[in-house]
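Below you will find the structure I want to go over with you.
Labels run A, B, C, D and E following the written order; every chain starts at residue 1.
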């Protein structure tokens, strides 16, 4: 096509020439593309369905997307209802051969619990999430905000039609926080899921996929170790984001996360602001964190009142970078961790 | 008075409030079929209010109105039986200048019986009636113009065509000839005469032109918030009645005008 | 003609297009100071178009207009020098009925020099002038009403007060007396006479009332898309001129009207 | 730009055919109702309804009702309420719609913040997914087109007179308030139904833009009405085609097609006027 | 509901004090400009501008400009463009605003869907954060209030005549188009500046609702204008207070306060009329 589909494959030749010989893999959005590319390497052609700069909450389907799904062999999604536009796209593409890999399959998740912004009700939800999480990282009983993921999406933008039609609650919202990828431990499981899925779809590539995945997982383990060490001194401390999007991350590293509003377009009440102000004072925070695509200066007023800085925590749902590489995931999350450490007062190197 | 005939319109003890004041107080009168009746009175006397409250455009505080034997309620729309029997030409005709309605289409609206019907129902008869009505007010050349593109006098003529495009029993005119040129004004009175004499229409017109009223009308109603007098022109337009209606200095003015 | 005096208004070869047609073709005339000039002509003759194109409300296709010695351009607003010297009373006065403007406030707008000024500037003089103007058109009792709450004739009076609340050199009236009651109409002509004779205003009025024109005006301009004739009433209103302006059957109508 | 045959090839997919048919049907309906809507200064009705519907849905959620069952009754209630307010307050129609619009947004935010229920993104209703039109949606669109054509067709004269001048309408025995309510209810029905598949933005555009373009082109009311419907359908078709050809999101492409048409009409008017 | 002393205690925080001052200042400005905006059928101007501003920002980003530098020139251009279109097309003002609104949304989505632009959320501008008012914002609000008061105060007569009847205005030597543009530019300046801290919703409500409520209360134009400003300020203060007392989001609380005022005015009118 003359309008190249967003592709981050290093060897990105036109699909017309490669479509017959190599596996055509379509991914949904950025973190999934990182992971899939890391596993596929040169063995398959990986293209991302969404433009790089559009996060899944915002997506408007184009006619040609259907065709890309119709021509694809494999589709990799994050799952947990984040990519709500997919159902009708897949239906329309009518591609019986399409293999869909749900990268979140089988990964323990943090349940979202509606309401419950009051800190009183949190013990119960902590229990639930503790049981649900069987990963290495220990849990903190005092973990404050498991219960706040009553929105399943983040980041500054548009929270467009997530259809949580199969939500088991009587309320119309996702039951699980879908932002697994912000926790490297869960990212590893996603990579494993993708690896297994690709092997199933392309058994001949098994050795390549296994080797690639192992390399990447090693990197992720290293990243996890780095972050764990970096943040260990601050265990139990709270950090502040504009809205509530870092649950998985915080959970994994024994931190608490305080936030101003639960969803990006939520309007804070005076008490919300008061709570943040008081938290910053109590934890003696140096820095408040916003997302890179957050419009304007959301924390500006509070930051200047408290005389602290504003820094960034990137949730990686979209990027301005034209040619993202799997290593970007590592560096971005590492950067997030650095910023966080600085927020807790670590002196800059 | 002819007791055997039901009057075309009868208004009984009509009281109407506009804003804080009473614009009309206990006005009663009735119209005999086939007569041309003028309502006269000073500015703000309640003449327009009277005709509007008869038709239900302004709500009544008290009193009853009967049109062609049917009692009218201001809560409900005009009853089906009288709906097409009455035509009304308003004093001010405010329209949205951006509405793309042509003169022909406006006049055709006067012809339609506004029920449920196909848009092209009776297109031929309709077209013919519209053409005749436009010719009657000498406005055939205006047919394809938008109503927002007319001069003041042209608008008046078109409204007149709207009223008489279909035969009626009662024609209510609020200062219809104001804005017409001298020649059209004469045509207008001629037209009213024909409608009345040849087709038996009853006419209720608001007018400031006492000369014309004297000459053309069968009865006169003098109004100034209350009914000041009514009767044939000779008596109703007698100086003492006019003085009562328009105020004490009235006779001098009349004199002035007629010093020709 | 008096050559030494510059005319108050002079219109030269004015051509104006409205929609597809030319509403005015090559109309030229001029007004001497202190005269009362009538524009007459049938409906759609272009009378309103003429006054509107003089003031720049409708754009001109050709021709020039000079007001008090200042050339006017339709591209630009009226020059500052003449801005407060001319008042205009339109034929149709369309306002948004929801605008909360009172009669007093409307008339006061006529008094203001619309430049940059404090809202309370000269409040006293203004209030007095407004009161006087309202009294002059017998509308003092209407001062606190919203302009949307007036009857047709009341609106006309208020507009008149708006025009004469401050002294002017030129008063342009488009069918001002239409809608006034008999008594107010007489007052109106009396008022015009005073303004002209005592205060030296020049008056340009569009009128359909030939009797009044004959009696009150100094000059008459007969218009029917072109300038048909102009002159003192005796000559301009002669039967042959009227026939040329209004069409051949005109004389019969005149006869009809005067058979009193 | 894709090459033409690739683009045309897309139309062999049923989803494209459905989008095309759905777009054309809604274009016709929008054009027919829009010609009156615009004249009655109700241009922002769809936007106001769309944002109020959100409130309806959140209240529904609060009371444990199924959102899709709430929408239609809510829309009808909304129509009655707005007509009543317009009638009673005698405030500018667009201002009133704005008040309704801001207030419903504000109330829904507060309700949501109180209940802590999931925030159905405010913008959920803004963009629909015309590519996700289902066969059943087509049926509904068809029915609404039929209903609107019947309503406007059979009461055309009444509607025109009502729009022209209320006094004249009353003097002809038209029950103004009843007719206003009927029209508003029909409009809200159409808007509410279409919103779920097309989104507020597209529905609003379908109602307003073709009618305005038609206004600039037409020299009488009948041609205005017909042209409005035709332009609605044509711009939908053109927009979907462009969307396939240039690989752009479909909904916005339709709006752009409508806008182009409007600008064309403006240009033509400028050119004629000078 | 919190207890009163807790709520009052909130006002010892600087952010609450700034919110209060900012709200009152914007309420005054909105009321002053709003009284004319509403009469001129520009009620949806803020919404149209808000959504177009997004387009301006995305285009700015495409051309590598700093978004905050783009917004003001864009808003002024927008004002000129809209005034020009209203003048030239002679289409209903609200319909035109709707066209501008839908089209800018559609174009921005398309621009965003092209590659290489950075995603800014459509809705970012909808809800501002009155609690995030910076001391610098207060200065700007103060300046805008001053500017608006001066403009409206010093040209009051001209504005009123212009709003009343265009023909009369021309006959009095008023340059109608220039005055229209000036007013629109001022309005767009106020709206564009306020949007970033208050959000489109709140700005729109500040402009429309107090003016409509004032319209129902007042018996002449001067009281309409003054009351509109006063109600704007009072409802802002009341809204912020309620927000503290009942622990509700601040922006929506202000809108609710304004709405209550409007309904009160409606009720009073009903009661007087009967």
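Observations
In this text, contacts are C-beta pairs under 8 Å (C-beta built on N, C-alpha and C of every residue); 3 or more make two chains touch, one makes a residue touch a chain.
Not measured: the values here are computed from a predicted model.
Touching subunit D and subunit E together: A, B, C.
More C-beta pairs touch across the D-E interface than across any other pair of chains. With centres defined by CA atoms alone, the chain at the far end from subunit B is A. Among the remaining chains, A is positioned farthest from subunit C, on the basis of C-alpha centroids. Averaging C-alpha coordinates per chain places the centre of subunit B 40 Å away from that of subunit D. Rounded to whole angstrom units, the spacing between the C-alpha centres of subunit C and subunit D is 46. Per-chain CA centroids place subunit A at a distance of 37 Å from subunit D. The set of subunit E residues that touch two or more partner chains comprises 39, 91-92, 109, 113, 122-123, 126-127, 215, 248-249, 251-252.
Residue positions 94, 98 of subunit B each touch two or more of the other chains.
Listed for subunit A are residues 60, 62, 158-159, 265-267, 269, each touching two or more other chains. You'll find the chains touch as A-D, A-E, B-C, B-D, B-E, C-D, C-E, D-E. Residue ranges of subunit E in contact with subunit B, taken from their complex: 90-92. Those residues of subunit B that touch subunit E in the shared complex are 98. Here subunit A touches subunit E in the complex through residues 6, 51-55, 58, 60, 62, 156-159, 264-271, 273-274, 277, 293, 295-302, 304-305, 318, 320, 322, going by the rule given at the top.
Of all residues in subunit B, those touching subunit D in their complex are 52, 55-57, 76-80, 82-83, 86-88, 90, 93-96, 98-102, 104-106, 109, 112, 114, 116-119, 144, 146, 172.
Interface of subunit A with subunit D (complex): residues 1-3, 57, 60-64, 66-67, 70, 85, 88-89, 91-92, 94, 114-117, 150-151, 158-162, 164, 170-174, 262-263, 265-267, 269.
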